[in-house]
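Same chain, two partners: subunit A is paired with subunit B first, then with subunit C.
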Partner chain A sequence: MNKFSIAVIKLSGELEIGRKDEIRAALKMPAGATAVLMDFGEITYADSTALAELLRFRAEAESAGVRVAIVTGVANQQFARLITYAGLQEAFAVFEARAAALNYLGGATT
Partner chain B sequence: MIGKSELRVQCNATPADVKLFRAALTSFLAVFRLNRVFLEDVSLAVGEVLANAVEHASPESEWTDLELFARAEGTEAIVIDIYDRGNFVFRERRDGRGFGLTIVRAIAREVSIDTAEGTRVRMTFSPGNRVLRGRS
Partner chain C sequence: MTQVSKRSLFPVLVLAFVLLAMFATAAVVVREYISRAFATSQHLAAARQLADTALTLQLDEETGIRGYAATGDRTFLEPYENAKGKLDSAFAQLHGALADHATKQAYTLADDAWFVSGMWNRDIALTLIKHPRSKELSTELRGKEMVNKIRADIHGVDVTLLDLEGNLATQVSTAVDQLNAFVLVASGVFVLLVFLYGLQLLRISDRLASQERAAATERRERAELYAAFEVEKRIADTLQEAFTHRPLPFLEPLRFSASYVPATEDTKVGGDWYDVMALSENRVLFAIGDVTGHGIDAAVTMNVARQSLISAALLDSDPAAVLARANAEIYSRETRLVTAIAGVADATNFEFAYAVAGHPPPILLEPGRPPRMLECGSLPLGAVAGTVYTVRRIQTVPGAILVLYTDGAVEHSRDVIKGEELLLQAIGAARESLETDIATYVHDAIFSGRSVGDDVAILTVGFAADATQGLVVSADRAAAGFSSRVEPRARLEVDPNPVSLRRAS
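Showing the complex of A and B:
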């Protein structure tokens, strides 16, 4: 029986302070997931409010043994620059391509 | 050549209004035909300062008196002041918070913070070669 299960969390638009509560509500650990793919392909802007929530989610995932990958898509590099400016390049597994992210998450089970 | 231009936005704001300040600034800067990445970065830095101000509004009210004053000297420098009446409390990094000032300093050429009367954060940005030349 294959117990490997990737949950997808998709966020879109601007992740900023005005949506803090909404972001927090969206970033809940999916029940039964062994890995989480965060689809940021339709995010147009993110700030440190989003970073704080993502760090909280990452910590929660780590303690549950759940691997997390973020897919940004090729077109939007704003999130990648945000984490670089914050000095958090090592904190998140960020991929432009969904296939690479899935490969990374799949590696968690081998 | 575009000479000196200014934008001043002053209002009572909540966290939900930060994006409106950013939108006003982006519209103002559009005339300089700066490239998208530069505009996004300036918007991010300004958004961080605004967010810090509204997050630390008076405990008695969710409203913060905010002022954004942007001036462009041609395309050589863009100087943006954010003023609020609160005390400066850009938090230290703790529990995943407090990255705002780090982000601002990574983007702006210069950052100064004056807390003599309320808080005034001044950011200077250099478009440098990130100006799109000519009209398409």
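Showing the complex of A and C:
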């Protein structure tokens, strides 16, 4: 029997320094999750604050043994740019669509 | 504050006013009541006098008639006649006096006395005058009865009027007592109100004073905070300027230009920097970077990043190694994220070698080709321990220019994609203009007088178009001469490496 649970964190709108506390509150390790899917498909803007919070979350997930996948959304050029420039592929599993990300997370825990 | 005191004062004043009005009204009413009672009392006394007069006259009549009946002497008729002439008018006056002010009882009694007096006069007096010697016992007895009746009636009137007077006196004294009590209570209430009002005033002034103290404290704290902020800003500015003002080296085969414009908003002065360091006459190490956030913290982190890049380059000028060392240094300090590009421009083979740490991509401008963005993408410095950076090598031609910039140059609006297009256009236009200070030209083209929300640093590193002439063929002085400044040759007319450092207006 598969014993895993994937938490989904979905952020939308503008992720900028003024919303740092909000972003930090949203990026909290969900209790009991064995994997986390972060859906950024509806992000319209993100600056380095969001980047720093993402990397902080990654460190937290790593020490908790939780796998993390990022969904960028198919047509979200702006966020895809941030992902590419910041080399987030090196730190996260990044997917354009949710299905692939779920497949990755689910497959990883079976 | 005035609002509060007005609100608390108002009911007190209204109450005091109402109380005073009631007090005055009561005084007037009681005064009127007493004066009326006094008038009534006088009237009652007059009525009693009239009743007394009427009885006296009746008795005079009777005495006269009895004397005459007993003696037959007509002189006895004189007092009778005298009294008879006045008696009727005396009864009429008494009647009138009682009609207005006395009780029905007194009125009825007086009426009865008047009636009986008339009967006595007609039945007794006239009978005895006509028959003076008859001496009828029955007549005398009846006459006596009648007079007794009149006497009793008049006495009744008198007693009733006395009672009335007594009642009136009691009522007046009660009214006066009540007025006194009212005055006493009202005065008490008034004094209490004044007392409460005074207390209220004290409380309000206390509160005002404490508020004033609190406001003063807040003002002082704010002033201190502002002063502290000013100090921090000045320090950050000074650090920033000290760091960015380092001059660009002069190397014959290479061309540089740089522009740094801090954010217009004071609070946004941040951690952008660039560096160019000569590795030999023909090679330079160049770097550009951006510390996330602003303030002293950012300036200090910038300094750490910068020093570690330079000291790493002294050991090994490989851009990936330089970034890896800087990453280790910044990661160990657990401060802020830093995005950066480190690279080497080599005029001997026209090669740019660079490594990127989370920084926007460099743009390459080659003669005869539109500007294009080069590859980029790797984690920022300080994000993940042991990040391995990749060196990317671009073989290019004389006259090629590499443009490096911080994200302020593309993120001036929310649409970064459009920001990048604008930057590429500005770089293309800079080449058309033949301007040597490309960095300033590009900055001005993008912002054209607009205010700058974030720091913007732009650095260009290029190979001279006639680089083969300027190439220094002596042995490389690698890693030795980053501070050495090669003196310009005679053909130098304009400084080929302008550095533009401006305060944003």
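Some points to look at:
To be clear about the criterion, the second predicted complex is superposed on the first by the 105 of 110 C-alpha atoms of A that agree within 3 Å, B and C clash if a C-alpha of one lies under 4 Å from a C-alpha of the other, contacts with A are read in each partner's own complex, and residues count from 1 in each chain.
Note that a residue touches a chain if its C-beta (ideal position, glycine included) is under 8 Å from a C-beta of that chain, and two chains touch if they have at least 3 such contacts.
Every value quoted in this text rests on a predicted model; they were computed, and no experiment measured them.
Of the two partner chains placed around the shared chain by superposition, subunit B is the only one that A:G18 touches, whereas subunit C remains out of contact.
Judged by the touch definition given at the top, the superposed model places A:G87 against both subunit B and subunit C.
Contacts of A:Q78 after superposition: both subunit B and subunit C are touched. In the superposed pair of complexes, A:G106 makes contact with neither subunit B nor subunit C.
In the superposition on chain A, the residues of subunit A contacting both subunit B and subunit C are 14, 17, 45, 47-49, 51-52, 55, 59, 77-78, 81, 84-88. Those residues of subunit A that touch subunit B in the complex are listed here as 14, 16-18, 20, 45, 47-49, 51-53, 55-56, 59, 77-78, 81-82, 84-88. Contact residues on subunit C toward subunit A in their complex (touch as defined above): 290, 292-293, 336-337, 339, 356-361, 376-380, 383-384, 387, 407, 411, 414-417.
The part of subunit B that touches subunit A in the complex is made up of residues 15-19, 37, 40-41, 43-44, 47-48, 51, 54-55, 95-100, 102-103, 106-107.
Taken together, the subunit A residues at the contact with subunit C in this complex read 14, 17, 44-45, 47-49, 51-52, 55, 58-59, 77-78, 81, 84-91.
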